[in-house]
Amino acid sequence: MALKTEHMVLNMGPQHPSTHGVLRLELEIEGELVNKVTPHLGYLHRCFEKHAEAMQYNQVVPYTDRLDYLASIGNNFGYALAVEKLMGIQVPERVEYIRVIMAELQRIASHLVAIGSNGADIGALTPFLYLFRDREHILSIIEETCGARMLYNYIWIGGLSHDIHPDFVRKTKEFVNYFKPTIVELDNLLSFNKIFIERTANIGILPVDTAINFGASGPTLRGSGIKFDLRRDDPYSIYDRFDFEIPVGKGLMGTVGDCWDRYNVRIREMEQSLRIIEQAVDNIPEGDVQSAIPKRIKPPKGTVYKRVENPRGELGYFIISDGTVNPFRVKVRAPSFVNLEVLGELCKGNLVADIIAILGSIDIVLGEVDR
Amino acid sequence: MNQYFKNTWLGIYTVLVGMKITFKHLFTPAVTIQYPEVKLKLPERERNRLYVNMDDCIGCDQCSRACPVNCIEIETVKSITGEDLGTTSNGKKKALWVTKFNIDFAKCCYCQLCVFPCPTDCIYMTDVFEFSEYDRNNLVYKFATLTEEEASEKKLNFEKFTAEKEAQKAEAAAKQKDEQKPAS
Amino acid sequence: MYQYFYDLTGNTIIATLIVAVFPLVNVLLVALIGVYLERKVSAWIQDRIGPNRTGPLGLFQTVADFLKMLQKEDATSTEIDSKLYNIAPVLVFTGSFAAYAAIPFSSKLIGSEADVGIFYVLAISSLVVGGILMAGWASNNKYSMLGAMRSAAQIISYEIPTAIIVLSIVMFTGTLSLDKISDMQTASFWNWNIFGGAELGLTKFLMIPFMFIGFLIIFISTLAEVNRTPFDIPEAESELVAGYFTEYCGMKWAMFMLSEYGNMFAVSAIVSILFFGGYHSPIGYLGNSIGVEWLIPFEQAFWFLAKGWFFILVQMWLRWTLPRLRVDQLMSLCWKYLIPYAFVNLIIIGIISLL
Amino acid sequence: MKSAEEIFDILKKKFGDAVLSLDKDTPVEQIISIDPLKINLISKYLRENPELQFDSLMCLSGVDDANGIKVKDAEGNEIIEGGTLSVYYNLHSVSLKHKITLKVSTPRNDPQIESLEKIWKSANWHEREAFDLIGIKFLNHPDLRRILMPYDWDEFTEEISRHPLRKDYKNPEFYQGMKVPY
């Protein structure tokens, strides 16, 4: 005879230590077993899309910073590319290089938070602080160039807000050399820790076809073992010039597509980002970074959908221009928004503690989910 | 069975590896600083509180229009003939009395978009970042150098001036009419 | 002990007071220093500075916290079962404090020289489970409830490996009295149980690896019994907010904290008594060499506290290194790994001690 | 890899009138317009046809075209009457690496579009968002609730402030007794 237990509805969030912001999850649980997860969004809804309609094209850039606030450069990048595509602007070589280096630095910084908070959710608070220490290095490199630590407003339509700081190249190289050993330390401290593996391997398995059907992207998709990276498959900017690999989940510790794979993909991606930075940082050509910025940003009538590989996945900007100085419609295809949808599928039949691990491995940023 | 012992071994071994790493860190010096006593040197491009050098401001309103959050409020009064407002440091002649130049730092998003269009480089970001207040109204910084009386005086002057001008115009127009009338 | 102080002071009331107050003072001190150390150790491990505002090096941080806690409003939900809710922290504290009665701080400083000391400690510390269950149930909060259930399952399960290892030590030493177990490991660290006891011979050397395994098992399982990371799932702050004491605040919350640190010291004390010579010095006594007899109990107390604190530091070190286990893994670690190993270890130790 | 023209031809051959037109005027994207009530059939075909294999829906954006007539209602608010609401679908094939943009337009006063939730799961939340912010009803959607706005937004606000991304949206004065424009 099966033991009948009463269902309990557990309300996790919006104020909860590990929902990564103000996400509210309604868990239907049976003992500790979760039957159903219903995410409720909108607690951080700041009307980005409505705001953008009232702004001029260049004024939207600071708003894009606030989408995925852990990877603001990527957001600027995507938006700038979309409008540039709409207007047919060719940006100078120097700008392209600086953009790529910045975006990759930002990717590392963002992954550091993702990995750290995934570990912290599972209980390892120390790696979290180590990773934040490393993130500080990146933030201060970027701060020196553009003056802000989080919300940069750095990549403008057609150019950059500032040229790089004279120390930038030296400090970036220093960081690359500093950071390589710390990845090894992180691996020893957390990735290959037996308890961490137990908590993440074979948990929240996401098969490839489900992942694609749900539109998952970024490390969430690559963790399922498919080599799909927009930097290689739909190259934008100058990513096709660099030699880098696309790490995918291989099921090293359990099944392909489990939490550990998604976690590991992020670490390996940081190594690849370092490779890109190393290749790019020596070859920055000379030039003026603001020469291609149009005096008056007034794109022709048209529609554009431009996507970039943000740390969390495919960030797409769908912009309709009606030929005025204000965009007619800006829709953001936020990677976290789409990835979060998978949560309901992954969490069925897991324990409450696994929900945390799965949510951490999907790595959402609520600023982006709710926009 | 093999897996069983392997698990046991891995469990103990990886824990010891982790402990070794944290033990090493026990003796590394702290990377944090004691904030109010020790402060980091901020880079020169630091984007924090805005400052407006009113001596140079020509009241062109470009910063206000560039602001995505509308936190800059500028009100200007045209100068009347005979008033000398001086020139800015890069040689531009001022033509407007800036009677109001308020920046609401509660709204400011520190995007620096207002700094670039300024023709005289009079608005810029400083490295002052500690300016918290208990009252939100205190975050509205008033940069205009004119006192209220002066401002109202200027306004009055301008109104008088325009009124005079208008009157003159009206007179001239009337004269013209008068002149034109007989012709037609 | 009572007799000792009665002889010393000649007054029944003072003697009783000293006997009663000493463990309490110890628990308070452990909590006071423990919380401070926990913060400092975590800060050092994480390359931070840690508390440094209140007093030199932040030494009075916990005192300040304690004063704050005392002044706090006792905010409670209206939906609680107030009787159970109020008793629970007291019960939890009683459970952890009562264990101190049988712990020998030195040869002259034992609350009760009970012949079944270790048995008493094992039994009385189970009282904590009742308190935690009460707290979880009475809070009328789902997180508290889950935490309490986890805690109960955890503490009850982990008593088994603890008891088996204790049994093997009891089998080896032939006594249940904590005082006698300590006393058998006198003179040198070479005589500690972890090094095979005081008796020389082949059995001693055969014993060492198994004693070491026994120590590991009892250390892990006592860690779980006091809900420390990696076994802090009852209060797992990233899952259950704060587990069974989510709804508590102010002094009642402080009672839980107090009992947690009290428990930490208690289990460290038990481990050091069973395996590391209890209150005995590893290198001999100063009092013996200079011929001052009365110094010895104090030296013993020093060594005992030092050993206890050492294990507390190890617990903290572990806490800031490891992630947390999941509730079912916690159970499988206990039932599938620790208990079989403990049983095999028990049998082997039994055979060796028969040799 | 197939270009938009080729895909349009394939679809036109298969579905005839349901595929309306191919918009080549826009400088960067080529958009195929589709009948809103046939979109589910066409999408299913797009996904399952081995030549096309559009296995992922990248983005789904609801748009208020604001192409109706602006009139004043009884309270003096400017509202738009007539015209259309549109939804743009950006499809992508992970295996074949080609992209296409579909567009459906539906009348503003009764916006109804077939849901694609059965075909691409990622459509679920995107459609909820379009329903929430634009007010397009997706037929056969399993769980058409608001997603970003509060669930009870309808109860406390007037008709004109139901769907924020419509061009004639007006901020409500109060929501649940809270002043909305701060």
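The chains carry the letters A, B, C and D, assigned in the order they are written, with residues numbered from 1 in each.
Going forward, a residue touches a chain if its C-beta (ideal position, glycine included) is under 8 Å from a C-beta of that chain, and two chains touch if they have at least 3 such contacts.
Predicted model, so just to flag it, every value in this text is computed and none were measured.
Annotation: A-D is the more contact-rich of the chain pairs B-C and A-D, by number of C-beta pairs in contact. Closest to the middle of the protein, by Cα centroid, lies chain A. Annotation: 40 Å between the Cα-based centres of chain B and chain D.
Remark: chain B and chain C have CA centroids separated by 59 Å (rounded to whole angstrom).
The distance from the centre of chain C to the centre of chain D, with each centre set as the mean of the Cα atoms, comes to 63 Å. Work out the mean CA point of chain A and of chain D, and you get 26 Å between them. Residues of chain C found to touch two or more other chains are 45-48, 320-322. Across the assembly, chain A contributes residues 126, 130, 133, 189-190, 193, 195 that each touch 2 or more other chains. In chain B, the positions touching at least two other chains are 7, 11, 15, 18, 21-22, 25, 31.
Per the contact rule defined earlier, chains pair up in contact as A-B, A-C, A-D, B-C.
In the complex of the two chains, the chain B residues touching chain A come out as 7, 10-11, 13-15, 17-18, 21-22, 25, 31, 43, 45-47, 66-68, 109-113, 116, 125.
Interface of chain D with chain A (complex): residues 26-29, 31, 55-59, 61-64, 88, 90, 94, 97, 101, 120-122, 124-126, 133, 146-150, 164-165, 169. Contact residues on chain C toward chain A in their complex (touch as defined above): 42, 45-48, 142-143, 146, 150, 229-230, 232-233, 236-241, 320-329. On chain A, the positions that touch chain C within their shared complex are 8, 10-11, 16-18, 32, 119-126, 129-130, 133, 189-190, 193, 195-196, 198-199, 351-354, 356. The touching residues of chain A, when paired with chain B in their complex, are 55, 58-63, 65, 126, 130, 133, 136, 140, 143-148, 151, 153, 161-162, 165, 185, 188-190, 192-195.
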